[in-house]
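In the two complexes below, subunit A is the common chain; its partner is subunit B in one and subunit C in the other.
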Partner chain A sequence: MSIETDIYLASLIALLGSPMLLALIVAAIPIGMFFGAVPGLGGKLGIALLIPFVFGMEPLHGAVFLVAMHAVVHTGGSIPSILFGIPGTGPDAATVVDGYPMAQKGQAGRALGASLGASGIGGVIGAMALALLLPVLRPVVLSFGPAEFFLLAILGVTFIAALSGDSLVKGLIVGCFGLVLATIGMDPMTGVARFTFGQLFLWEGIDVITAVLALFAIPEMIALGARGGSVSAVSKDIANYGLRDVIEGIFDVGRHWWLTLRTSIIGALVGVVPGLGGEAASWLCYGHAVQSSKTPERFGKGAVEGVIAPETANNSKEGGALLPTLFFGIPGSSGMVLLLGAFVTLGIQPGPQLILYHLDLVWTLVWALVLANVIAVAMFLGIARWVGLLVFVRGGLLVPLIFVFAITGSYLSSGNWKSLIVLFLLGFLGYGLKRFDWPRPPFVIGLVLGGIAEESLHKALAIWGPAFLLRPQSLILLSMVAASIVFYVWRRRTARNAHDD
Partner chain B sequence: MTINGNAVISAIMLAIFSAMLIMAAGYPPEARFMPTIVGFAGAILSLVQLWRSLVSNRRVPRTETDRPGWHREVRLLGWFAGFLLAILGVGFLIAAPVMVVGFLVVDQRERPILAGALAAGCLAVLYLVFEVVLELSLYRGLVAQFL
Partner chain C sequence: MKRLRRPLAAVLYVIFGAAVLLPSSKVSADDEFFDGKTITYIVATKPGGGYDTYGRLIAKYLEKHLPGARVIVKNVPGAGHIIGTNQLYHAKPDGLTIGSFNTGLIYAQLLKREGIRFDLRQMSWIGKAASEPRVLVVGIDSGIASIQDLQRAADPVRLASSGIGTSSHNETALLGHALGLNVKIIPGYGGTEGEMGIMRGEVAGTLGSYSSLRPFVDNGFGRMVLRVGGDSGAIGSVPTVRDLVSDNDGRAIAALIESQTELGRLTAGPPGIPSDRLALLRGAYEKALSDADLRQQANRLSIPIDPLFGEAVAANVGLALTQPPASVALLASVMNADAATTSVKADLLEVTAKGKRIRFHERGKTVVSKVSGSRTRVFIAGRADDRANLKKGMTCRIKYLAGGDNEARLIDCGD
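On to the complex of A and B.
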């Protein structure tokens, strides 16, 4: 047996043999489903708020908990999409198209079962895709030097800026803001304290968790509280379904196994492309299901394939998205941006070091993804009759609790009460960004990758001088930066033409 | 009152980048290299966005403050500041349950029993999870420090 086979089997055995890790996965699943099912919360907020709870844990335990939670967010997100036509999270919007008509036809349980089975299988196939790509990527990652890591950081910011909002300029400004805030603190090259205003707590830089909570949790809570209410205005009768209906839906996934397999693979591949995100995966697979169907006219009126395709993609893309996140430090999705920040906080530095020295950790995360998706199916079946009621939770009740836990997270991650002032200032700015539709993920990626980018830039200049930009791999990465900008311009032009038509 | 939100955000960003550029000028060459490159790029982009926002606003006047929910959002921002100040003053274990009850009863018009139950749950999580299980000490507040 090869060393790698040893590692992945040993990781699985270690995971299954650890009651603590299994308990963390089991605990994470209902939390992830909750954040997915309550419209307005979502996985990003879930990660931001759960970070304080993983302080003091072993890095592996914390990472497994967060990955398992994030893995099942879309499984929960399909509940309001199907029952009420309200997507729990952005990528669940495609599920509404056929899921909601199914519920209106009295097939809510079947649609939920199809979504559940598709999510479970999609998640497992996505994790397997990640596992299969590991040996292929290993030599690529190991061939990267400081020049490539600097350009990867620039690529990450550009990708996310181009894809996470409707304006590239706004995205780039926010990305630059993250990069420039990353320079706050002690300069590693000269030992000079930069932008610290004489405050000792700033010597170690802006705390990533405080920034994440400020830019995501606080603005979301303000928006949720201002919006008020819940979806309880919708009749609860539609949430009445039986376990038999749910199981029937799960069997539907088996009946459409070829579609399930295809959309799982497409989802995983979309996930690998940094920044493309869940919306692209789910809509792409929905479109594929329509195009490949012999009876496309059924779609939009309650075709079960219209639920299966986006749901497999939603969960399978998470496995693919872990790949660039872990090995290149470029998040594969906006949720992964926060997961990346959480990993760094836990002491897990993404990059080649992971492949060289911590492959066991990577494999444990792969297995955690698989287990979380499988256990989520079993858990959902146990509580199927009541799970629909999650969407009736009133937003106003959650606001004060999330305020408290966001402040707790900020304090615990920095260990200094003065970071609460940073939380307020960035929270205020984050609210402004959300209010006026400025993308926020580029800020996090800039802040997280800023340190690596600066260090790599200095090293690259010391070794090659400005000619580092002309190295073959550098040219490939620079052309990818250019391609992401061209793609953005093309997307904008296509959208404008479609609007004009 | 008419506020061009995009222009305001662009102006704030421009001010931040400009201030950082000016401050960075006083650092040694290696220390100012990265902040200068990024700050310069950010300032230029902010100027472009500011110009675009002002031009588009002239074409299509927008009244951001007239959007529904504006006042409510500002009030919630005030509540958030209140939570922070209370926690800074008397610490998590006192401020959190008091502010949760206060917010739910005053702002959300919830029944005191429900508010009290949620506050008790919040206190239990703070104390049991962080102080007992994770053995992390939560901030006790400036008042306790002075006393």
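On to the complex of A and C.
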């Protein structure tokens, strides 16, 4: 045990003592935040573009640079989510739901601070989860198979109820619509193209970034354009955008420390299990925050927990995803696929030998992850004040700019101009939903989780038959699903009773 | 007469000189055709994957060996490489657009998959950059030690594939048929999910390219029990499918998959590129792939290089696509069939609703089978045909899914 403690500390000291490594981390942070902040770019593109640059570097330097860059992508992604209602990356969509209303109420600074603090802490806890899970890594990762993915997806779908706001029926309809749209594409189970209307570009289904931009960014910009004024409905004089408010937001994370801890761990676990996808982590945690809150009706209107929960998950899942990538050589997420390739070209061979022969490298990467998250908070604090001012920019200037970002983001993400048609069609839908007060998050949940649910269900049935529900892990998850539903019903009942009194 | 000779000679000299000089000046003009021009290299995937890496490396060195030219990479992803290949096929054949795509599209073309608007035989082939031997890997704890275990298995062994219609699925089904393996293919395991599935024990193995499965094997998680292609040196003592097949069907399948493994990372242009420009491109490609710097870069990226150029590639592609109708029918039936299909040779007793329903005898009972417009493969006299042309009295080999409306998978009629 003492040997391991030595390695923890030794690699940290080595990292802190190496000006080169620190400089690389500091250089990587703005790059990572940039790729997160510009909608549609994302961490994957960042890694792909940086691989030629790290090519000549020492393996350790290159790896630290890439890990640090990738760690802070979602920290940057929360900026446009909060300020403009445009998700910087897919997983940041959940931050939009409460972050943007906060900006509209003049609390942009606080929201940014909360997101920043949450990202930082989430990233640190995720990295620590990486460390703590080392001994039990294999059984944990290997216990999640198609059956568990299916049930986790169903669990996420039950959150639709929690996220439906006032009307469960509306939420379910919108959620089902999302599920239906998730079926669009070439089905790997039958080789049949479903609902593609003869369009090749729909073979991969509806691009999630496009859908999220369409449902959140476009309606908000239309509304802003129609309403006039600026994002912040509250005038500059009384709004909170100063450094003090950003720090206030960071303290909010501390105030809700129990939620922060829970969502960080959930996020790390979702990240550890390859196959669930990045969006699942943030939505699952957002849904969890709504469900576990005593006052769920505040969500969607600017509840700070709605910013904290997804943002912790976004960053902690990166720590989790690094695990299977390093130790099995099996990428934990699509971003990790590229990171893995980069490691190989740097001469690092991921696999069990890393634990045996290169534990110091692993620990250095863990610490790099931690440091990157912490330094990002500090760096961002420096510019937060000016970033927060953006919400006071006149709508007339902002709306066209944001539209350009949305269009660019959708095109970059899907690689095909025809997705712009989808963007506008879904944008009208989103506007309609907003106009008539229908909830929109259930749609995204249905879209994101529907695909995973269906594919996992087919695989599970093909492997075990319907008996897959009787496996121990499945039974645990089934009871969680049941508990989730019961909890919701009970809450509605007590709320209604309280209302009637 | 003598008086005419000098002017005549002069005229002849002029004509002769022009005849000699003019063509050569034309040739040198074409040598410089690419000078100052921009070539677009289409990669049919999103940035960041294997095809993108090869594409960018090749593009860089093509530029080096085509003086004055610029080569830019354009990513055109979607529909499993089909969108990019369609675009490449229909680009202007002036030599300024070339690109790369998945060799597995050969299967797609053989099976006439929807969405395909190209004919690989017509492409202007420039070369290929690598060989991609396939290996069948089983989990180290799966209890399977050799390919014979799969042949002798009492219960179907589960193997993972990316999805129906993908190369990995097609090849797994073909090999299963060729070697008589008792396997059940579970689709939906894209990317590295197959490896995770093996580690979790829900599938016993998967078929994939050696380069992508090698880390898994080297890390001790799996063992190779079969290979297709690849020289023995690199993959040691793994048995190859050629050694194990015994009949014509098996040999045809082995040859088809082997041709796939040979033709990795293809580069081609649209049909009809003028031959001189194509020659320039081929020449530059050959120089690029023989360039020591490129080899060194490829080494560092860990991407193998095993090139073949121009005509040889065109010939191989042509061969792979020229399968006798019987083989195509075999491929179709193998790739579309699953364990539940029943196979029978019978006369069509009745054909109704313009071919949507057929009736035939099977082992003493009458079966009414639904013929799908999209899912049933119909062959008449060896050629793919429409269900409306099925006639009562034809003698056909019918493969159908017993149960429900007995949907037919394959109807192959000889008359």
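One rule holds for everything that comes next: the second predicted complex is superposed on the first by the 280 of 501 C-alpha atoms of A that agree within 3 Å, B and C clash if a C-alpha of one lies under 4 Å from a C-alpha of the other, contacts with A are read in each partner's own complex, and residues count from 1 in each chain.
Here is the rule we use: a contact is a pair of C-beta atoms (placed from the backbone, for glycine too) under 8 Å apart; a residue touches a chain by one contact, two chains touch by 3 or more.
Everything numeric here is computed off the predicted structure, so don't read it as measured data.
Undergrad: Determine, under the contact definition given at the top, whether A:Lys44 touches first (subunit B), second (subunit C), both, or neither.
TA: In the superposition, A:Lys44 touches subunit C alone.
Undergrad: Touching A:Arg496, do we find subunit B (first), subunit C (second), both, or neither?
TA: neither
Undergrad: A:Met189 in the overlay: touching subunit B, subunit C, both, or neither? Say first, second, both or neither.
TA: It touches subunit B and subunit C both.
Undergrad: Between subunit B and subunit C, whom does A:His458 touch in the aligned arrangement: first, second, both, or neither?
TA: Both partners, subunit B and subunit C.
Undergrad: Have a look at where A:Phe53 lands relative to subunit B and subunit C in the superposition and call it first, second, both or neither.
TA: first
Undergrad: Would you check which partner chain A:Arg244 touches, where first means subunit B only, second means subunit C only, and both and neither mean what they say?
TA: neither
Undergrad: Is A:Gly432 touching the first partner subunit B, the second partner subunit C, both, or neither of them?
TA: In the superposed model, A:Gly432 contacts subunit B only, not subunit C.
Undergrad: After overlaying the two complexes on chain A, where does the subunit B footprint on subunit A coincide with the subunit C footprint?
TA: Shared contact residues on subunit A: 55, 187, 189-190, 192, 458.
Undergrad: Quick check: in the complex, which residue numbers of subunit B touch subunit A?
TA: Touching subunit A from subunit B are residues 5-6, 8-10, 12-13, 16-17, 20, 23-24, 27-28, 30-31, 33-35, 38-39, 41-42, 45-46, 48-49, 52, 64, 69, 72-73, 76-77, 79-81, 83-84, 87-88, 92, 96, 99-100, 103-104, 107-108, 110, 114, 118, 122, 126, 129-130, 134-136, 138-139, 142.
Undergrad: Along subunit A, where are the residues that touch subunit B in the complex?
TA: So the residues of subunit A in touch with subunit B come to 52-53, 55-57, 167, 169-170, 172-173, 176-177, 179-180, 183, 187, 189-190, 192, 194-195, 218, 221-223, 225-228, 396-397, 399-401, 403-404, 407-408, 411-412, 417, 420, 423-424, 427-429, 431-433, 435-436, 438, 450, 453-454, 457-458.
Undergrad: Show which residues of subunit C lie in contact with subunit A when the two form their complex.
TA: It is residues 46-48, 52-53, 75-80, 82-83, 86, 114-115, 158, 162-166, 184, 186-193, 195-197, 199-203, 215-216, 218-221, 300-302, 374-375 of subunit C that touch subunit A.
Undergrad: Show me the residue ranges of subunit A that touch subunit C in the complex, using the header's touch definition.
TA: That would be residues 44-45, 47-49, 55, 142-146, 186-193, 200-201, 203-204, 274-275, 324, 328-331, 337-338, 341, 344-345, 349-353, 415-416, 455, 458-459, 462-464 of subunit A.
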